[in-house]
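We call the chains A, B, C, D and E, going by the order they appear; numbering starts again at 1 in every chain.
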């Protein structure tokens, strides 16, 4: 396995009194696509928020390209080249489609992605560029969310629930675009409810249960039983 | 004719209120910050202007060149040093902290400048007037109104046509996600406060030319500012101008009926509007 | 397992000790006219009134989430009602205080109907504007001195009790009585079924609504009761001040800003907070007030520092460190083992 | 049997997203109904519409013979509709017991010892009794879900709405949960249960409905529905692929 | 050790009224030195201790500190000065607590009627000396009579203690001006700190007013005065109470301050001297100006006189241990102070003694403004120092 681009050890996270992550260990290799699965509330979103600096990490270490980033703010993490496509799309409602994309470009790292490339990837967005982002359909909004993250030319992109709430056809479109996105050597972490999809695009998979890693393995090699045991904790 | 005069004078007065309110509207819109110290900051700007005119011997309007950057700097430092830490879902921390600031500013001004009423001398500008259709319009109120319109147009343009404006809107929509886009919200908030206090500087200078001021008059002006913001609707700058004008006209028309009703009728207009439209007249549509 | 071996209690040991201590303190305070100097009694009287105002504001803002910056409307209203009822109605001042409370409730109903349409910051500003409307309206009432204000005729004050010391004692007891009444009422209310509902609303409105709690009605009730009692306190305040004017009666600084300061410094959303906050506020005032501007700047600074460093207030700090509870609101389930041990 | 709940053309949308598209069905007194559908289909939203936390755009809701369309959530709760939240909504500053007491006093309208007794009973049933004095904010996710169920039961409901309470349970826990719900059902309470853990659901419910894009796309006997083409396509699509 | 007599002093040292109290320190320091040896009463020296408290320009606070002084510091006499907002709450507390009280710097009508005083009955423990509105009217009318500039008067009265007293339709300016042959336009009481006077100005223009009078606070006057210019309202004489007392306000108005007129209750030209020190008015004013580097202001003399009256009463009281004896001594005062004679037996109403009042005009002298006395009809002992000049 090549040198990990991201290494997490003993990561915990709290919402007030409630502990959502308990000492999570994880690694992402350069250029790989990693899948994270787990039931509702398992802590997947919490993990991605911790990685991107949106939550303070009281315990544990996050190392990105050899640099400890656990204490950095989200904007500083973004500047280092980690981008998050958040759960539920979370576009800026008072910005137009193009403004949403341009906000993403603020991080301003060198790389292949720019407005043109994003419009090439999702041509429909060019048609809707001046529209309020809220007036788009769910799938188009997801495209904007992905495009917005790409605009910062990240080295590591995190997708939270990439297909949640989208019609099957749109899910197909998005997954079809995925190779084009991560193709250029970008590493990716994908949180996905649809286990089959998750396994099909990733090289390795982690399963979270109740804030702990309950399974880690190669996507091609883990068995259905292992997954369902890890997923539901069924002994 | 007298009624028309009342309405016209009220509209011009509304310009002054809109100037008080524009800065409030900006920070209320961007970071939901209820700034109790805003009125005192306006008065502080007036004192800075006074000092500049006395020390440098310049016209109050020229003093803007000094006061605007000074207030902007103070705003940035204030926001990053203190106010950023009070932001969140809870209304109380910013309320109490800005109340504390208000008390401190008021009393510091009192220590520094005494309680004597002061006024800035703008020479002929104060008394000049032009006659339009039988109405006598003071140049100063007309200028105030024009500046208010210009400030609001400028803010509006900045808000919707510049990268900074985009950043303001993004942070106000969703702070977390904006951070993910590389925006440092603390810096953005600092800039918003700097901009708000730059507007405050203009408001303070015009207030200081229009009337005499002392360290205690901020509070009374603050409430008009809030009213204008709320009447206009959250985050809508043109709405804020409309709110100011509605207040001004309500006051002068009320005063026409009975001078005792001047301030009261402004407040009543505010309450009536809210009774009918609790979101204000022109709330920004949000998704 | 037998459920009968479980018992549910609503107290704690520290609370029992505190209750006994509290009773002793109250008894000692009741006897103050026999041992305290006039100035001390006056200071205590004022402290009690601020304690009452702070507890009421805390109930409203800390429990019902109604952050009002316009409670001076009811303080002033109560004061003016005292003056009107005694001067024009010939009502006995003590009786007038109670009546002022009723009138306060009556005026709070239409006010609430209007301002309850507003949320959060809008609500706060709305209450403030409302208080200004009260101030400016009373300034229009010539019979009560208009903008100049008026003094309570000495004869009315003298009619309260024979002699100066009897009068001062009465006025002291009224203040102590109102403060005790308010704190006790807030405590009992919060322990009641409605109080439980209020705490639930504060924690989670969505769940509260789904569990049968009428959020609007509960808040409305709290608002009306708070305003009525605030009006009573206001009547008492101006019975001490002897003079009322719109600016003094409806002063946002004196009756709301300082009260918010007290509650937040002490610890909002706890019954103990306002008590501690009142003590701190008076300690600061008594030691520093003669410094004038400096005192006020110190006050502002304290507000800022506490808010930034200890947002749960002084009581919050104490509670977190020592797990103390003086006014137990909650329920405790005692397990069979604990029962055996006890 | 008479209908305890009737949805008649209930619709709701958020801008472009339609979460309830003219939903119509009846729930019989004492019936247990299962609800399945993909993520974001509008299942939770349907509960929000039934309980009144979400006002409907159009349509009519009848509960126990009464039109409740315009009633507040609180009123509906007091007349016997209780729910658990998919994302637990505890009163974090209160203890587990106090959380239960709120349901017992505010919704069921009990007082004093009677309320306390009911709470203790239910807490025992949901295996939370040992945590009665714990602050709800400190509970683990699993216990939060148990608390959701506890509170709903303490409200003494006629109609119980359960939103994904089995997710993340161990097999043993799941079995005991199924037993608990069966007991509740047996005591005459009508139940609607949203659940992704289908085998748990099938152990309890009499009937199954499938929701997709806010529309009722299939309903009927659980076995038949599970085998239907719609469900194969939209819900178990993953399995079909595999 | 000598017995100690405590004097409580309440004044607005901070807040919007602070200008009234700016000379406090100077006066109190002077007194401290003078009282260092104590005051003799019945052959026995008493140490005098003055405890000064700040009302923060807030009537609530004034009542509070007065009660503190009375109950806490157990002062034997309480004094207060500067506007009804300070004087009335303090006097009310003194009255109810039966502590001797002397006050000044507030026209007597808002003092007496504002406290619900009943003519013929008056108050038990509280005494006040200053001018009355009738004096203000007399001084003003005398000044106006020096020029023939029309009879239509614009009246501006706020809805505050002073404004209501000055604008009172029975005892205020309007009936007196009408009786003197003027016709007054009074649009009604406005709320202090108004931002707009255009309605009033329109009414004044409509009625062709050439005279303006009233009682205002400084910020309101400033607003009114520049709006008047903008809207082409150019009266010949403006005589306003309270707002135009202080040089700093006039300076703030720039050239527009030149020629404004106001009442003069005390000035360096007043031919009186202190009963305590023999200091003349001029010496007191110059002493203050030299010590503070600021121009003299009118309250200086009255603050000094307040303590003259108190010291005199202390000397004469039959028994300083008995508040009633002190009150009696105050009541029987007959003293020539630095602001003129004070004697409660000759007052217009119970508990009130009047001091002379003249009219003055701010006239530009070099860089600054001087308050010149331009009319002295009611008090001819005070010399006229300049001629009245109408506004251009």
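We adopt the following convention: a residue touches a chain if its C-beta (ideal position, glycine included) is under 8 Å from a C-beta of that chain, and two chains touch if they have at least 3 such contacts.
Note that the coordinates shown come from a computational prediction; the quantities given were computed from them, not determined experimentally.
Counted as hops between touching chains, the shortest connection from subunit B to subunit C is 1. Shared contact partners of subunit A and subunit E, listed by label: B.
Each chain's centre was taken as the mean of its CA atoms, and the one lying most distant from subunit C is A.
When the interfaces A-B and B-E are ranked by C-beta pairs in contact, the top one is B-E. Measuring from the averaged C-alpha position of subunit C to that of subunit D gives a distance of 42 Å.
Here the spacing of subunit B and subunit D, counted between their Cα centres, is 51 Å.
The centroid of the Cα atoms in subunit D and the matching centroid in subunit E are 77 Å apart. Counting partner chains per residue, subunit B shows two or more touched chains at residues 107, 110, 260, 263-264, 287. The set of subunit E residues touching two or more other chains comprises 14, 159, 189, 191. Across the assembly, subunit A contributes 134 as residues in contact with two or more other chains. Annotation, chain-chain contacts: A-B, A-D, B-C, B-E, C-D, C-E (touch as defined at the top). Residues 15-17, 39-40, 86-87, 92, 135, 137-142, 144, 164, 167-172, 174, 196-197, 213, 234, 237-239, 241-242 of subunit D are the ones that touch subunit A when the two sit in their complex. Touching subunit B in their complex are the following residues of subunit E: 14-19, 22, 57, 159, 187-191, 193-196, 198-200, 202, 218-223, 226-227, 229-232, 246, 248-249, 252-254, 256. On subunit D, the positions that touch subunit C within their shared complex are 51-53, 72-75, 77-78, 82-83, 85, 89-95, 97-98, 101-103, 105-109, 111, 116-117, 120-121, 124, 129-130, 132-133, 151, 155. Of all residues in subunit B, those touching subunit E in their complex are 2, 5-6, 9-10, 13, 16, 107, 110, 114-121, 123, 126-129, 136-141, 210-214, 216-217, 220, 248, 251-252, 255-256, 258-260, 262-264.
Per the touch definition, subunit C reaches subunit B in the complex via residues 61, 67, 69, 114, 117-122, 124-126, 128-130, 132-133, 136-137, 139-140, 252, 257, 260-261, 264, 268, 293-294, 296-297, 299-304, 307-308, 311.
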